Amino acid sequence: MATSSDRGLARIEWADGQMPVLRSIRERFAREQPLAGVGVGACLHVTSETAVLVRTLQAGGASVSLCASNPFAIQEDVAVALSAESTVFAGGPDAWADDVASVLTLAPRVTLDDGADLLGALHSARPDLLAGMHGGTEETTTGLLRLRALEAEGALAVPVIAVNEARAERAFNDRFGAGQSVLDGIVRATNLLLAGQTVVVLGYGWTGRGVALRAAGFGASVIVCEVDPLRALEARMEGFAVMPALEAAARGDVFITVTGVPDVLRGEHFYRMKDGAVLANAGQFDVEISLADLRSSASSVREVLPLVERFEFGDRALYLLAGGRVVNLAAAEGHPAAVMDVSFALQALACEALVVGAWAPGVHAVPDAIEREVAALKLAALDVDIDVLTDAQADYLSLTSPPRGR
Amino acid sequence: MATSSDRGLARIEWADGQMPVLRSIRERFAREQPLAGVGVGACLHVTSETAVLVRTLQAGGASVSLCASNPFAIQEDVAVALSAESTVFAGGPDAWADDVASVLTLAPRVTLDDGADLLGALHSARPDLLAGMHGGTEETTTGLLRLRALEAEGALAVPVIAVNEARAERAFNDRFGAGQSVLDGIVRATNLLLAGQTVVVLGYGWTGRGVALRAAGFGASVIVCEVDPLRALEARMEGFAVMPALEAAARGDVFITVTGVPDVLRGEHFYRMKDGAVLANAGQFDVEISLADLRSSASSVREVLPLVERFEFGDRALYLLAGGRVVNLAAAEGHPAAVMDVSFALQALACEALVVGAWAPGVHAVPDAIEREVAALKLAALDVDIDVLTDAQADYLSLTSPPRGR
Amino acid sequence: MATSSDRGLARIEWADGQMPVLRSIRERFAREQPLAGVGVGACLHVTSETAVLVRTLQAGGASVSLCASNPFAIQEDVAVALSAESTVFAGGPDAWADDVASVLTLAPRVTLDDGADLLGALHSARPDLLAGMHGGTEETTTGLLRLRALEAEGALAVPVIAVNEARAERAFNDRFGAGQSVLDGIVRATNLLLAGQTVVVLGYGWTGRGVALRAAGFGASVIVCEVDPLRALEARMEGFAVMPALEAAARGDVFITVTGVPDVLRGEHFYRMKDGAVLANAGQFDVEISLADLRSSASSVREVLPLVERFEFGDRALYLLAGGRVVNLAAAEGHPAAVMDVSFALQALACEALVVGAWAPGVHAVPDAIEREVAALKLAALDVDIDVLTDAQADYLSLTSPPRGR
Amino acid sequence: MATSSDRGLARIEWADGQMPVLRSIRERFAREQPLAGVGVGACLHVTSETAVLVRTLQAGGASVSLCASNPFAIQEDVAVALSAESTVFAGGPDAWADDVASVLTLAPRVTLDDGADLLGALHSARPDLLAGMHGGTEETTTGLLRLRALEAEGALAVPVIAVNEARAERAFNDRFGAGQSVLDGIVRATNLLLAGQTVVVLGYGWTGRGVALRAAGFGASVIVCEVDPLRALEARMEGFAVMPALEAAARGDVFITVTGVPDVLRGEHFYRMKDGAVLANAGQFDVEISLADLRSSASSVREVLPLVERFEFGDRALYLLAGGRVVNLAAAEGHPAAVMDVSFALQALACEALVVGAWAPGVHAVPDAIEREVAALKLAALDVDIDVLTDAQADYLSLTSPPRGR
C-alpha cells in the first residue's frame, strides 16, 4: 500500500506534468544558478503545485523554507513528501503562528507571501532582518492593501513585486482559472444541470467575468449585478442581462457572489428568491452571503448533502454551498495546476529579478519583460508559434508620424 | 451517525428536489391511479433518480420490482433505502442473472428496460408471460437494435415504446446531460484547465455535439472527427475544425471518443500524439480506445491518480482516464437529476400509455402528446410561460393555400 | 461602360465562384450527360445563383426554360445575360401569368418549383402534359402544402422531390443562410449596433434558431417566444430567455418575427413596446407584423430612411423595416451564394434522379445518397477531409447484439 | 422630391435617435450653458453623428466651426444640412488644407481633433493662438503619437485629453463597433456566408478582439496571428487557434488585417493562399496588405464587383476588398451611431471639463468621473438599473485590513 509520502510524490509529479512553464524555468535555473545561496521564505498554500515551485527555486540554488498561508490549506501527503527535500513547517491551525516565526528564524533574504504574513511579521517582529533582504513578492489583493498601507506610512523597508496584478495573472488566475473551478465546485456539490438555469453573478470584476463566461458556456442564462457603471455596461454589451440584485433575486436559480464586500445577498434578497435556489460564494472571504440573515429567518437548517445546507422558509427552501466559503476551494480543487503554473512562474522570475537587480523599497509592478517571458514559455508549452515583426515593421512603429497610407 | 438507509433516503430526497416533472406526474398519478394493480418490472441503474421513478409509478397504483441493468451501477445506500418501499433485487455482479430472473417470476405486465434485458429474457425464457403484457419501454440504442432484430424476424410479441428516441430525450440526455457530465468527469479526474486546450471530439452524433459545445464553452479549441459527411459538414458550419483522426492526433491535448464503434483511437493515432495527451471515452462501451494497442506498445503503465493511468512510450506519455470506460459515469455522477427527470417522465407517461391504450406489437415512437406534456411540465418547473396560437392563427395554419401576404 | 449584360455576366461569374458544389456537379454532368435531351421548366427567383443552376442543368444536356417564381425577385441584368444562353421569360409583375404559361408551352418533362406554380398550373391547365413527365422538385414549405393537398385528394399525377425538407437544406438555407442574412438586412437598413440590444425572436423553428444564434453572436441579449413547448424548452436549454410575446414586448429593442402565422405582433404588443423599438419580419409573407394595427393606432407615419418607417404613438415611436416584408430579401441580398450552392446542388441531383430512376407519383424525400453526395462535395470544396469506417468497425455496426465492452 | 438638405436632416434625426447619451448631455448643456461664448474648432468626419455632436456643443453655448479630418469622409447631404446651423468648411480633397486653415482663422479656444490636424497646424502655423486656448481633445492613436512627440520635445503648449484611450471608448469603438462593422463591410461587399469559413485575424489588439469575437459569432472558425506573446496567449486561452501568418496563409478563406503595421500580408503569404481567398483590411491605413506585391505577381487584375478586385495567379485568384482601405468605412457605414454616441459623449464632456477646469499643458487621460458619467447615461438609455454599495459595504472597502471572514 502506498505511504502518505508516496501519494504526495505522485501528486507532485502529476502537478509537475501540468506545469511546463515552471519546468522550463527550472531547467534554466539549474544551469544558471541565479539564486545560489539565497534563503527564500515562502508562506503559501501547501499543495502539490507549491511543491513544484519550491523545487524550481531550489534548482536555482535557493534554500527554501515553507509555511502555510492558510492553516486549513495543507495537503498533508504533499507536506510529508516535500519535507524530505525542503524545510516545511506545516503544523496546522494550532501551530500556525509558530510556523511563521520558524521561517523567520532562518532569516530569508527573499519572501513569497500570500497575504503579507511573512513581510508583516518581519516589519513588526524582526525589523533587524529587513536590511539584508532582496525583497518579497505578494500574491493577493489583501496582502497588497496591507503593504501599500505600510508604504503610505513610509514604513515599507523592502521592494515588493505585486505578482497578482500582472496581466497574465489576471487572465489566468481570475478569468480562466476561477471561471472554470467555481462552476466545477457548484456542479460537484450539487450535480445540477446548468443548461436552462438562470445563473446570477454578483460582481463583474475579473473573476466575475470568468464565472459569467463559463456559466454561459454551460448553457445557462446569465444575469450580472454590479455597482460600477462601466463594468455593468461592459457586461450588458457582452450580451448579459444586467439588473439590480433585488430584481435578480426573484429570477435566479443559482447565485454566485464575487464582489469582495460583505452581505451582498441578505434578508431582502432571500425573501424574494424562488424555492430551490442555490447560493454559492466565489469571493475570497465567507462574508458575501449573510449567514446571519439566513439563520435568523430560517425555520429549519440541515445538511442534505456534503457541503449543501438546506434553509427552510415556510414553503420555500434555499441551499447554501460550503457554508458560504469560497466554493472552488471548498467543493472542488481550486485553481487547476495550469493556472498555478503561470502564477508561480511569475513568482519564480520575480524572485530572480529581486536577487539579480537593484530595487528601491516600495510596491512594484511585475516588469513587462517577465510577463512576456512567461507568456512566451506558456505558448511554447502549448506548441503555439507566433510571428515576429520584420525590421521594416519595427521601424514603422517607431515613427512618430507614419505615412497615412499610400 | 447516519445509517446507509438514512444516507440513501437523503440522496433520494435531493434527487426528488431536482425532478419537478416527475413530481408533478406523481401528484397526478396519485389522484388518478392509472396504474392501479399493474405489476411493473424495471431493469435500470439503481440510483436515487430511479428511486424517484419507482415512487412515481407506485403512486399511480403500480407494484414495482427493480433489478440492475448494469451490475456495477448500483448506489448501495439507495438500494437499501428503496428496499423498504419496493421489491429490489440488487445483488451485484455475481447475482445479476438471478436478479433478472427474480423480476420475471413476479410476471410483470409492463417492463422498463435499459438494454432489453427483461424483454429479451421474457422472449427467450418466459414466452408464456408475453400474452398477458401491456408492453415495455426501452431506454438505449443497443436495446432497440435487439428488439428491432426480433421484430424483423416477426418474433416481437409485445408493443415497445422507444423512449430514447424521443426528441426531448435526445436533447436532454445526450446533448445537455452528457455534454456537461463528460467534461465534468474529465475535470474531476485530472483538474485540467480546459481553456487553451485543443479538445478532439471523435463522433458528432447527439452526444458528440453536446460534448463539443460544452468544450467550446470552457474555452477549448475544438476539433471534430466524423465519418458521416452530413454530420461533418454541420460540425464545420457550426465553427469547429473538422479533420481526419490521424491529423487530429498530432494536434489534440484531450481526446474524447463518442462514436459507438471500436478502436476509434488505436496504435497509429497514439503514435502521433503529443506528450501528455489525455484519452477519455464517452461512448457506452469501453471499446472505442484500443486498450490492446495501448498496452502492447507502452514501455510502462501505472496509475498516477485515481482513474488516471500513465502509458509511457519512449519520451512521451499518454494518460488514459477510467480505463476507457464511459467517463461521465466512471469519474463523475453521470447525468444530472434534471436530465433523468425528463427521461423518467417519458418512461412514466409511456408506461401509462401502454396500460390505458391499445397498441399493436412492435417498436413504437413516443407519442407526440407525451413529448409535449413532458416539455410543458418542464417549462412550468422552470417558471417559463409561452404563447398560444390565436384562433385566427390556428385557422391560418390549417389552410392548404394561405394567402401569400397582402 | 459596362452593359447590362456585362454586369449580369460578372454577377453570374462571382456567384459561380461561390458555388463549388454546383461547379463540381456541372463538370460531372458535362462528362456524363444525364439530362441529354430533357426539357426542364424552372420557376425560381431570377438571380445570378439560379443562372449557375441553369448552366449546370444545360451542361448535363437539358434544355432549360425559366420564369420568375416571384415577379419582384428578378435581377434584371442577370435576366438579360442569361437570355443569351437559355430561354428566359421574365417580364415582371404584369407578365407573370403569361411567363408561367410560356414555360408550359415548351412541355417540360421535369419542373423545378418554388411555390408549386408550374406543377399547379400543369395540373389545373395542362393535365395532358403530366403523363410524359419524369416529375418535379419543390423548394418551399408552401408549395409542399399545396402538393400534399393534391396528393391527399389522389390528384397528384407525378413524383415530386421535397428539396426543402432535406437535412442539408434545413441546416444551410434556414439556420446558416437566414441566420446571417436576416441580421445583415436589419443592420444595413438601420446601422444599429446589436451588442447590448435585447433582440426578441418570435418563432424558434429552423430559421428562428439561426436568427437567435447569430443575434447572440453579435452580442445581443436574446429572448425567444414560441407556442410549441418542445421548441420553447430547447430555446431555454440553449441559454435563451423564453417568455410570452406580451412580456417580451416591454423588454425588446429589436423584434424579429419568423413564425409562419399572421399578426404575431399586433396592437397589444405595440402598446407595450419601448420608444425606438425596431420591427422586422423574417417570415416568408408580410403578414406577421400587423400593419393594420400599426396604421390604425399611429398618429403619424413617415419614412425616415430607405426601408425604415416611423410610426408615432404619443411620445413613443416604433420603426418598421421594409414594410414588414421578409427583411433579408428586402434589405440585404437574401441567401449567400454558398447557401444556394447547397440548395441548387440538391435540385440538380434531384432532377437527375427523377430522369434516371423510376418513381411513383407522390411527394418523396430527397434520397439519403443525394444528401451525402452534396455534403461530401461541400466538404471537398472547404478542403475538409473526413474519416471512413474500418472494415472491422463497419462489421461491428452491423451486429444486432454487439459485445458490451470487454 | 427631397432636397439634399432634407435628406441630410433626416439622417441627422435618425442618428440623433440612436444617440441617447449625447441627447441627455445636450439637455443638460441647454440648461447649464457650460460652453457659453466658447469658440470650438472641430476637425472630424463630416457625418450625421458629428452633426449631433455639433448640436450638443452649440446647445451648451459654444459656436462651432467644422472641417473634415478626412476629405474623403464627408456625407454631402449632412454637410449641406449642417451649414444652416453651424460653420462648415467641407470643400473636399482639393480644399482640405484651406478648410483647416479656415477653422483656425476663427481662433477656436477648444479643438476637437481626429488625427491632430488642428492642434498640429496651431503649433506650426498659428502659435499666437495657443495662449488663449482651454485645450483640445484627440480621438486617434496616430494623433496622440504626434502630440506626445510634441510633448516629449517640450513643445506642447496646451492640455489635450486623450479621448480614444478611455476605457469606454476602447470597448465601444474598437471591440463592439469595429467588431460588427468590419464583418458587415465584408459581407456587404461579397455576400459571403461566414459560417464554415476559416477567418484569419491578423492582430489581436482591441479591434482584432472585436473582429475575432464577431467572426466566431457568425460561425466562422477563427485563427489569430500576433507578434505579442501576451496577446497571443489570451487569444489562445479564449479558444482561438493561434499560429504564424505563413501557416495561417494556407488555411484561411478570409484574411483581416488589423495590426497598425505595413505589409502584414505580402508576397510570401499570397503565394500560399487558397484559390478564392478574400483579403480585407480593418487597420486605419491602407498599408497592411501589400498592394505592391499583389500587383507585381498577379497575371491579371480586374474589378469583379464594386469594391472587389480579382488578382489572378496562375490557376488561383485572390480577391482584395476596397483596395485595402479600411473595410468598415469603405464597404459599410463605419461605426454604428450607438458607438459614436459614447465617443462623442466623451468628447462633449471632455470639452466641458477643459473649459470649466484648470489643466496643465500635456496629454491627459479622460477623468474617471467622465467615464463613469458616460457609462451611467448609456445604462439609463438602455433602461438598465444597477446596484449601489450600502454604507456598510463602502466602509468595509475603505479598510486596509478587512476581517478575513468569520
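Which chain is which? They are A, B, C and D, in the order written, and residues in each are numbered from 1.
In this text, a residue touches a chain if its C-beta (ideal position, glycine included) is under 8 Å from a C-beta of that chain, and two chains touch if they have at least 3 such contacts.
All figures in this text were calculated on a predicted structure; none of them were measured in a lab.
Separation of chain B from chain C in touch steps, taking the shortest path, is 1.
In this structure, the chain pairs C-D and A-D differ in their number of contacting C-beta pairs, and the larger number is found at A-D.
Same-residue interface: chain A and chain B share over half of the residue numbers found at their contact. With centres defined as mean CA coordinates, chain D is found 52 Å away from chain B. Chain A and chain D have centres, each the mean of its CA atoms, that are 36 Å apart.
Residue positions of chain A touching 2 or more other chains: 176, 195-196, 216, 219, 233, 236-237, 382. Taken pairwise by the contact criterion, the protein chains are fully connected, each one touching every other.
Those residues of chain A that touch chain B in the complex are listed here as 10-11, 13-14, 17-18, 176-177, 179-180, 184, 187-188, 191-196, 213-214, 216-219, 274, 276, 304-305, 308, 333, 336-339, 382-383.
The residues of chain A lying in touch with chain C in their complex are 195-196, 216, 219-221, 233, 236-241.
By the touch criterion stated above, chain B contacts chain C in their complex at residues 115, 142, 145-146, 148-149, 167-168, 171-172, 176, 225-230, 232-234, 236-237, 242-245, 247, 260-264, 285-287, 291, 325, 371-372, 375-376, 378-379, 382, 384-390, 392-393, 396-397, 400-406.
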